[in-house]
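These are the structures, in structure tokens.
Look for chain A in each of the two complexes below; its partner is chain B in the first and chain C in the second.
Let's turn to the complex of A and B:
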């Protein structure tokens, strides 16, 4: 399957869940914090808060993801197919959270935040996948 | 093994660990099903019916014994191989149907074709054709929570049918339906068999459904106990 199809499938899961709303709201609020609080340590606090925010965003979609995983398994999707869709979903969720933040946060955090939130989101959905089935 | 045999199980055992308790779900099950046969397996809850279907579908692996489906020895297949089997050879309908509530009827039915890498135009043609076949035309954009129990069951059947599998496995296909809707679903299974020569294995605790099977088996305590003679009757005769 072309990568575009994976992206479309990942996007469908992303847009029909509620996690993206949590990610968008959290990203926006945190970006306001970075502007309002000028203390240099704020960036580290914001970094820690992005972790809790992305975790909340994934967990709010927990039931939907489990449902999707079961549907994909019944439809005969191989583990690699499922992982690629989860990768697209995690990427979109991480970008939603990071987008408002990268505008306002200190330059040295601009690359770290999208990368770390993506990694955390992907690890969480893969753990969910492993827990749901015997694969992953 | 005869070429006419689609499903063949020999001495299949399966155990689960439930806390400190060991549950033996299947105890040396032997089963052979011919191409185009409709087999009904009836038994009480906990008799191992669902486990049997999951093993034939390649969702669970047996602890011991051989499972051969359409010539594939499931013990020899890795996870990708089992997924390929579910995508092309076996259409599995779980008891809870396994529909994705966030996707539309069209997208749920399209899923196996998407996995198989079928081009978009062909996917569309095949989904619309199967939607028409199962009598859900006009409901393509609806989401499963908006459908009735009978309609949801039909969507699950359509998803199982869209890749024209050799075998359809239905776990409690009438569990949440009233009898008129259950009869419609069972009649649809018979139509599928007649139109596509698909082998159908359905399991249920409801003894009425096995009246729609060519061959009826009973399961109790992980064993297939009883093989009753052919009890196929026409719908008119039953109603």
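Let's turn to the complex of A and C:
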């Protein structure tokens, strides 16, 4: 039940922000490129672009996440609870971006892309959380 | 000659610079004489430097860096997505039933170079025919039956190609029937002339596509040939010996029994820059390929898609910058800067930064991949900049318009005495470029000063502002009280009038801010 609570809270942050729109649009456009272009260099460019896309998606939700985190802290939520919510949020964002790509990209990138985008998103939101906490 | 032109240019620019300096000096003298007051620290350099500092603070961030990296990657993606077709014209049916490829060059090229490249792309040649068209810089003057002739051009062709009109290797074709069976001597080699009617010579086409005579230019779509009476046509090997040519230069190469795919044709045009036309004769059909590229619809669609992706990536950057600017813009207004100056400066700087980076990357990619990527990448860059500029201007410009209600009066204390303060106030009011001062009255009552100002707004007709400034001594400082009332002949919204008042009062408050306690 507790995991469901984290998931619901993470989903709320995810759906309230514009980041998921950025991730969805970027993922779809990049998957079109993987279908249209068969050049081996293109896969590496797309991999780099997924990183910048996930960063952009987190950045656009920057202010909203800060406010939510402040609210949660004031309400007395423990840091472990906040971290798990952020984990769910970053997982959802990474899945949104990488889902269309996983279908179309070359096999050797199929596993790397969701994993790396999730890690990057999680690192970014955790850094954001630490910064918010330090500012107080 | 060149030195004289440079000297004239140098002296001219010196005179212009001196005149400009003199004009500037006279103008500053006039301003000082008119106002007779000490201006506060408002030099253009100081203003520019303060605006630049604020813009720099807003621009240099991790989000801008991410956007820049994204832009570079997207332009690279657009370059890789570029696909093109060669411009081609189907020229109908040919009597020649075999396969054949004809390469036509814009200038003469070494035969060895062409053959080496063809073998590199696995085109095996069983046979080939050489054609060389030369137009002389200085006409040749050979002797024909002891008479001097003017020869402007020479065409060297392997005899098998024109065997029907050239009976032997020691025959030379000339577009003059009268000279038939004459003897011609060039560089101590003597040949027999076969005179042909000029019109027939102009109509001869090798393999039905390649004109025999060199073309000088075009009138509308009709070619203008070198006069056939002054052009000699001879066998390639004989001609090389006669004109003492080395390395077998050619201006066209006919390769019978060969056909090429479009990929090989593209490679040929890419690798041999002087290749201007390529004819492919296959199954009786003639197709002419030109050295001009046309981007495919698929690659154009991908370029547009790239620009959409770039625009999506820019949105977070603009949001971050907008948040930073919100706090800066308000402070800038207090310092007397007109509304939206910082926002618009930032938007321009952002566009300039993306544009410069994009152009550098496009230049590098065109150098590495090929010039054909320029069109697609430029489309991506322009569309991305267009989308971004519209979004940036809309987002950033809306920051300044969220103005809070204006109070009807402002009071603050300034750390200077009244007599020092008066010239500065006068300067700040009279040098406002948006207003013309209609009335400026200063009244001293004991140790207090009352200033009345009526000013007209220059940008629009019929509106202005009246200002009452009271300067009261406060220990060693001065208390400044400002009350204002906008006026207009027509009915204008309060919001517009308030913005106009801000322009006037903002300059005054901003100018006095450095001495505020």
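Here are a few things to note about the model shown:
Keep in mind that, in the parts below, the second predicted complex is superposed on the first by the 132 of 136 C-alpha atoms of A that agree within 3 Å, B and C clash if a C-alpha of one lies under 4 Å from a C-alpha of the other, contacts with A are read in each partner's own complex, and residues count from 1 in each chain.
Methods note: a residue touches a chain if its C-beta (ideal position, glycine included) is under 8 Å from a C-beta of that chain, and two chains touch if they have at least 3 such contacts.
Since this is a predicted model, take the numbers as computed values, not measurements.
On the superposed chain A, the positions of chain B and chain C stay apart, so the two partners fit side by side. Of the two partner chains, chain C is the only one touched by A:42; chain B is not. Once chain A of one complex is fitted onto chain A of the other, the partner contacts of A:32 are limited to chain C, with no touch recorded for chain B.
Applying the stated contact rule after C-alpha superposition, one finds that A:132 touches neither chain B nor chain C. Once you line the two complexes up on chain A, you'll see the smallest CA to CA distance from chain B to chain C is 14 Å. Residues 63, 66-67, 69-70, 73-74, 76-77, 80-81, 298, 302, 305, 308-309, 312-313, 315-317, 319-320, 323 of chain C are the ones that touch chain A when the two sit in their complex. Here chain A touches chain B in the complex through residues 1, 5, 9, 12-13, 16-17, 64, 67-68, 70-81, 135, going by the rule given at the top. Within the complex formed with chain C, the residues of chain A that make contact are 18, 22, 25-26, 29-30, 32-33, 36-37, 39, 41-42, 45-46, 48-49, 52-53, 55-57, 59-60, 62-63. Looking at the complex, you find that chain B touches chain A at residues 59, 79-80, 83-88, 92, 94, 98-103, 107-108, 111-112, 114-117, 159, 163.
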